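Two complexes, one shared chain (subunit A), two partners (subunit B, subunit C).
This part shows the complex of A and B:
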């Protein structure tokens, strides 16, 4: 039986203060260059998409870490500033805009899932002239596998649905499963096929690992996938905290502060002129559990599961 | 079946959008919700509960487990349930017939298909599980509730509830085919399709089974004669709107048994037809409140012909025709007050009709008014309390009332201690009105108690279930010779143990045993003996790799009455899963041996002897 439980509202910065800060940044566009707090020769320029509540939180966290960062939705305005710079694209829309713009200097993608990053960078590859890297939005498969191993406390079969756009994740997931002493079973959903019916090929799995694939877990299908797995008493491991609230058993996820902490380290290095690193999964992560689902599926959650993760200092 | 519909769409839209955009992971979900429109396990409290919180002994048999151990039918799958003998499921092989085992009493097991009550014929002491309108390959899992908790379903006479949960229409493959051949010229064939048409998901199954006479048994048992069975089942699920779902299920079975004129006594051909239609509507009224309306109709027709030899000797050859129908309209509301306290309640109507024509025409029908309520309270994280009550009332001669209570105390994350008590009273004049001959059980008072210990070690997928149980029945039997109702009683108690687990990454197994004893002055025994029947089962399964799996199972029971004998079944199964031409295939080879120590005549007289039957089955299934 379910209980509608209103979660506490997300930690929200003063939205007007953020807007004021953005306006102020825009007005000083022609003023002397504001250097990043990391102290380096280059400037940090943050490209955002439309300002939503979550974007406001991200911008607030970034400006706390980099008070001198230039933040704008207008990429032309940022590129017009001239001088050495490191660009940070927040979200897929901003990344797409940055990839298609005439920006110089390294580009860092943040809060974009790995499949979306692969897709966008692949589409922009012919035009790309500067180095691009990323901190992906979702926790690494290794983190998800650690969570599964701790949840089930034994070697279980992890089922994974993939589509053509996420098929490249298979070796990575296999390695993560092997490292966590788990077995893994894949089912690739062909274009036009039903992801829900494809689950029938994963009945031997005790748990289903969801990957951020819009062909498989879009708004129309995700509910049906969750219901189907639940009918089979398979837990689903989500890739965001929101999915746990929506009914998945658990997720290894990263908070905004976790990502910003990692970005801080990465951007400090870039601003100091160091070479661009390979795209990477979040270094820091934590765990969200849906206790009601866990209880319903007879999965006992002990304290070690709740404390799982890697937290910034 | 009780459940709360979820409100996933909004939350999942948010989940997906936030995870692929900059909105990021800290965006809050709209609500803490559970997915699914089905209850994981049917529970005595009529509410969604984890197995460790259910105040009853529950065994869940998965479809994979049934496949690994090579079961060919629903009845034999029960061998995996602790306390179920190789041949039947009842109170640890007790047929629970009051009046020194001669009284005709009710069927003791409630059979459900997706919560729809099927079987429960009043014209026989037992349902033939081979004639249920559900095919084994359609079964997702079987949930068996036994002991005191079985009263929670609201039938005072029952000692077990078996719910066959079939594959949801949205979950099945687009196409599935199955073919099995084996001993006794046995043939099983099945075809199933799954379709999704907008908000509607459909599953349609056609199944055929035929088998020649089981001729290498030395004693004939009804059911051993040549048989042909056809089944068609339809299951649908319709998402009407957010929080509103409708499902329509229907099934039809037709079977023909050739009979055995040479048997003692001779048995004529039989034609059986049964089926059901069910409409279930669930409406989420609020996030913590859900309404369920169920309308079920079940019908069963049997036609028994005289053996040909009897006809030639001048006996009337008109078949005996029996018709049974049952309809149920039930409305249920589940209200979640908090994470700690939940209520359910409901009302309904149940109508039953039996029309029997043997030497004369008899008819019985009754309309019950039904009320039920339950509560599930978790005062402490380690303690779950449940209680429930139900009453089906027609008139002074026809009623069915139960109450049950249970406490689950979690000694640790892995250990649970459970206490369950129940009491039921029922009365029915159906047998009297139908003019059934013999000694008839007309009224009964059944009390049951169980104390159980459960250990689950997820790290080894290991579990230990131990149960002490006790039941007492006080009843009234009517006999033509004796005249009015005579009081009688029966009492039994026993112990049950099941240990299961994985020994390694490849090996898993289980062992279970049950023994029981009958109380002093109990009227269950028919010959003055106080037998201590035991039932045991063990199984071993291994994953050989590369899609190969194998299992070995042995199931046995001792003699428990003068009319039942010790029996043993062993089976070796080899499976191969593979992919070919975009389809998933499963090839199964099943070799089995049946040992009976049985009487040479059906009436139990004569010298018992051992009969052994070897049989094999080869099956191939494909899903695409």
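This part shows the complex of A and C:
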């Protein structure tokens, strides 16, 4: 059973603060003092939040890949073990706890969306002294654009709602759209404004790309967003498999095994003393399709769409 | 009170009673319709509240998107259509979550106290992780079957109903119902009035007839044609009039019924006249026969004497036939009317009344049955004659009548027994002899046994079908 512990409300960091955080991360990552400690082999210490079904599956996958990993909800117990270590925070709650704890080794965030990662790291930036990197929870915008291109088989306009906390994604999304030969239209939703009303500014778009922004997409507005887009015959591309079940047309998403496979490569490098890499989107991804919505929107789903993705070896 | 009412109803005429009987259901129906209508106000309000709940529920479901998206225009259009289609809705107000008016139609102040229902707009929201939770952001295998939960209040819908339209409709319906009941009542009263008029006319004719008969006028008219019990009453009155008329004027009619009503005196007179005429003819013929018998020589004519004898015999037969025909009305009608058993029981009761000191009893042997009317009359006559002997001469304290069927021959045996002194008097002997002679002439066998200690038993065996000569009069 997944524990529904909600994050504190986002503080909407401004662009300048985000850039400061990213610059600090890049500097720290390249610093030799933050390499994995050389006094013997480093230990992988996995920080989790309260155990739930998702956490249990993630921990099971990780311990299969790293049998010697130390897993605990108690970060103090992990840090008390001493010696060189690489820390892996599983989920937003664990990341927030690790950022606020006296952790000396490199910290890797996993199963946290990029907006949540940016918000948490930006909030902890003033007192952070160790390198942090991440494998984001959602598929890369490039993967979403590939999926859209394959679904519509033509150049269509992709509408994207952004808020202040996700506005930094605009260049990345534009590059991904251009690479997939798609046009993109952005609408920035001001704080306090209704994202459903903002959809009226995206009437030219054939498809709406959802980004994991709690200000724009949450349980309260999701139904209205889906209803509104459906009335305009716009398909919605989600960022998780659950959103497809809730009524979006399709989604590029990553499974636990996809993320763990990528984490294996990253953690192997860190444990071997290599420098901390940049936060990155998942290398491996796959697609989920809502066939009912696709039929109602006259979107033909063939085998190439269903087989789309990048799968670990 | 009830007696007063009964007396007052009892004094009503036939027409008034029938009209009252026809008008009462109509009045009760009108009263019931009015009472039902009186109790319908609360029911109407209850119905309106239920309807308001239904409309508000449907509208709350449909308003979610409009409230969240801020699309008031679409909601306004939907609400206007709803108001146009349902005249019972006075107003619809939709508020946002902060209770600020979002859509309000018709937007005019309403009277207080109207049925009103307000419901929150709460949708079911997908219970999935939009990567906004503290738990790991991950897609699970089972995520394609999301659950739903009740979301926060997005607004409120208030539906206010008006009773005006329904009241108007109800008043129209009530007026129609009352009109139909009143019309049906009027038609019923008209029909009953016509029937009462006709019935009253028939009864008046019968009353007049009875009054006329009371005054000795028996020529009554039949009156208007009627059916059922009135027809039977009319027939009875007419028959009574005919009977009484025939009794008052016996010589005028000659029907069997009237002959029966003439009484035994008339029959005896007619019988005497017939027999007297027959005896005169027989005497003259006998004198001629005597002269012919005294003649000798050439004057002797044996053939003429034989003819005269044959004529005398024919005259005797004619006299006998005429006598039987005249006596036929004396046949006991009670047997025809009541049946043999009841007639014999009546006969025994008559004997008891005539001689209370004697116990009379009637026994029918198993298997005894008499379906032949003529034979029943004959049995009744035999018993009547035998019991007449007992009552007149026996001085008995017990007398019994026993009826027995003789299956092989289908004969009937009548046994009359008493414990009296016996029919030793000359009158009794003569009467017994006449009975024996009459019954023997009709084919019956008679056996009379007298015990030495007292008591007499008369055994009469009747043939299977006793001929009963009934000749038409004249």
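Heads up, the rule we're going with is that the second predicted complex is superposed on the first by the 273 of 313 C-alpha atoms of A that agree within 3 Å, B and C clash if a C-alpha of one lies under 4 Å from a C-alpha of the other, contacts with A are read in each partner's own complex, and residues count from 1 in each chain.
Everything that follows uses one rule, which is that a contact is a pair of C-beta atoms (placed from the backbone, for glycine too) under 8 Å apart; a residue touches a chain by one contact, two chains touch by 3 or more.
Since this is a predicted model, take the numbers as computed values, not measurements.
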*asked:* Once chain A of both complexes is superposed, is A:113 in touch with subunit B (first), subunit C (second), both, or neither?
replied: both
*Give the label of whichever partner, subunit B or subunit C, reaches more residues of subunit A.*
B
_Under the stated touch criterion, which partner chain does A:154 make contact with: subunit B (first), subunit C (second), both, or neither?_
first
*May I ask you to decide whether A:134 touches subunit B, subunit C, both, or neither, giving the answer as first, second, both or neither?*
neither
*asked:* Output check: A:201 vs subunit B and subunit C. Expected answer is one of first, second, both, neither. What do you get?
replied: first
*Can A:224 be said to touch subunit B (first), subunit C (second), both, or neither?*
both
*Taking the two structures together, which residues of subunit A meet both subunit B and subunit C?*
2-7, 49, 52-55, 57-58, 90-93, 111-113, 116, 137-138, 194, 196-197, 199, 212, 214, 217-219, 222-224, 227-228, 239-247, 253-256, 259
*Touching subunit A in the complex: which residues of subunit C?*
64-65, 68-70, 123-141, 143-146, 149, 151-152
*For subunit B, which residues count as touching subunit A in their complex?*
2-4, 6-9, 11-38, 40, 47-53, 63-64, 140, 168, 170-174, 194, 196, 286-288, 334, 336, 338-339, 342, 376, 413-414, 456, 458-461, 502, 505, 584, 623
_Residue ranges of subunit A touching subunit B (in the complex, touch as defined)_ = 1-11, 48-49, 52-55, 57-58, 90-94, 111-113, 116, 137-138, 152-155, 194, 196-197, 199-201, 203-204, 212, 214, 217-219, 222-224, 226-233, 238-247, 253-256, 259, 290, 292-293, 295-300, 302
*Could you please specify the touching residues of subunit A with respect to subunit C in the complex?*
2-7, 49, 52-55, 57-58, 90-93, 96, 110-113, 115-116, 137-138, 194, 196-197, 199, 212, 214, 217-224, 227-228, 239-247, 253-256, 259, 288
